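Each chain gets a letter, A, B and C, in the order it is written, and its residues are counted from 1.
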């Protein structure tokens, strides 16, 4: 029955928490594509000749666009690792309280990272700190996973 | 027994559909690496000095190579999000008919996106449309997931 | 009960192997972020004006930094696909011996790839070979998955 696995997974409250925060992070990442598009149009800075042509401009590089793209790339370098590591972490039967707060803190840290990087540029260490929080949380769970499955 | 989880997951027809389309999308993404390599050799445009040396050329940037790389990066920004979001979506017990067609439409849209972006360049809105279909499907499922696990 | 799914998954020895190697690969990928940061500081080559300012330099591009970034991007293009494809591969009930060795070989190949690309640059075909091993393993499992779920 199709129900079995669904019911089993959903009985685990951490899977529900995991699914919720991951879905929020996906929406956050998708918003970067939209933000890049809007910043390209605003600055008439396109990467493809066929796009530039529609606005009667030439292909050019714009610093605002590049900043959004760097924030997006930083997401790509980090958030998919969190998706996998936190899924495996749930399987190691961690404290629900701890895991929930790690997922919550990670999600908030990455949203803050995007804002201070690409929306309202704030001097360091705002960006470094929010990046570090995310890196630390992923690293902590990854090490816990390695130890759990090594032993 | 090793069988249990395997059997349980495979009993769910949507998991089978999910696994099939995701594997197709992975092969599609892998083909981008191969296409980049072929385009680099064809245009003798390499990013690493040690590669350029083998062809007695200097490191250079080539627009055809960059186009393939942009298409590839666009895949990286979008398809892994689909992998996760559609997995979680399966857990929300959606209509099998709807979910199957969303997975199918997404896969087709991304294959079309690659073709019109990097293989046979076709004027807009072909690329924008196929990108938009993919974005809309992922966004729809992500919002459904957030609502499902929030409530 | 929260136990059910956890116990079920952990009863499968391949899931344990999968979880272990994936966690190692995540730590390897995270080390690329750290390596990029260290290489940036060492060469005082930053992408953001606010970072360069802290070191009283201007934004600049450095070949050593770019090399680490290319290695990192190559990881992003390949390893997340392995995460998904090997998860699905476990569901196809493969030989435990074969799957374990594929996971192990993949992990070693990717670590070697990073070392010969970004740490101690070694002439080709070291990099091409380690890349090829990874691509072949992912491709093999992807094709197996497609055939398994197609039929």
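Here is the rule we go by: contacts are C-beta pairs under 8 Å (C-beta built on N, C-alpha and C of every residue); 3 or more make two chains touch, one makes a residue touch a chain.
For clarity, every value in this text was computed on a predicted model and none was experimentally measured.
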Chain contact graph, described as a line, ring, star, complete graph or other shape: complete
Turning angle required so that subunit A lies on subunit B, C-alpha fit (0 to 180°, nearest 5): 120
Same or different contact residues where subunit C meets its copy subunit A, judged by the half mark: different
Where subunit A and subunit C are represented by their mean Cα positions, the distance between them in whole Å: 17
Residue numbers of subunit A (touch at least two other chains): 8-9, 15, 76, 80
Subunit A contact footprint on subunit B (complex, rising order): 8-9, 11-15, 67, 70, 76-78, 80-81, 84-85, 88, 90-91, 93, 96, 121, 123-124, 127, 135, 138-139, 142-143, 145-146, 148-150
Of subunit A, residues touching subunit B in the complex: 1-6, 8-10, 15-17, 19-20, 22-24, 26-27, 29-30, 32-33, 47-48, 50-51, 54, 72, 76, 80, 83
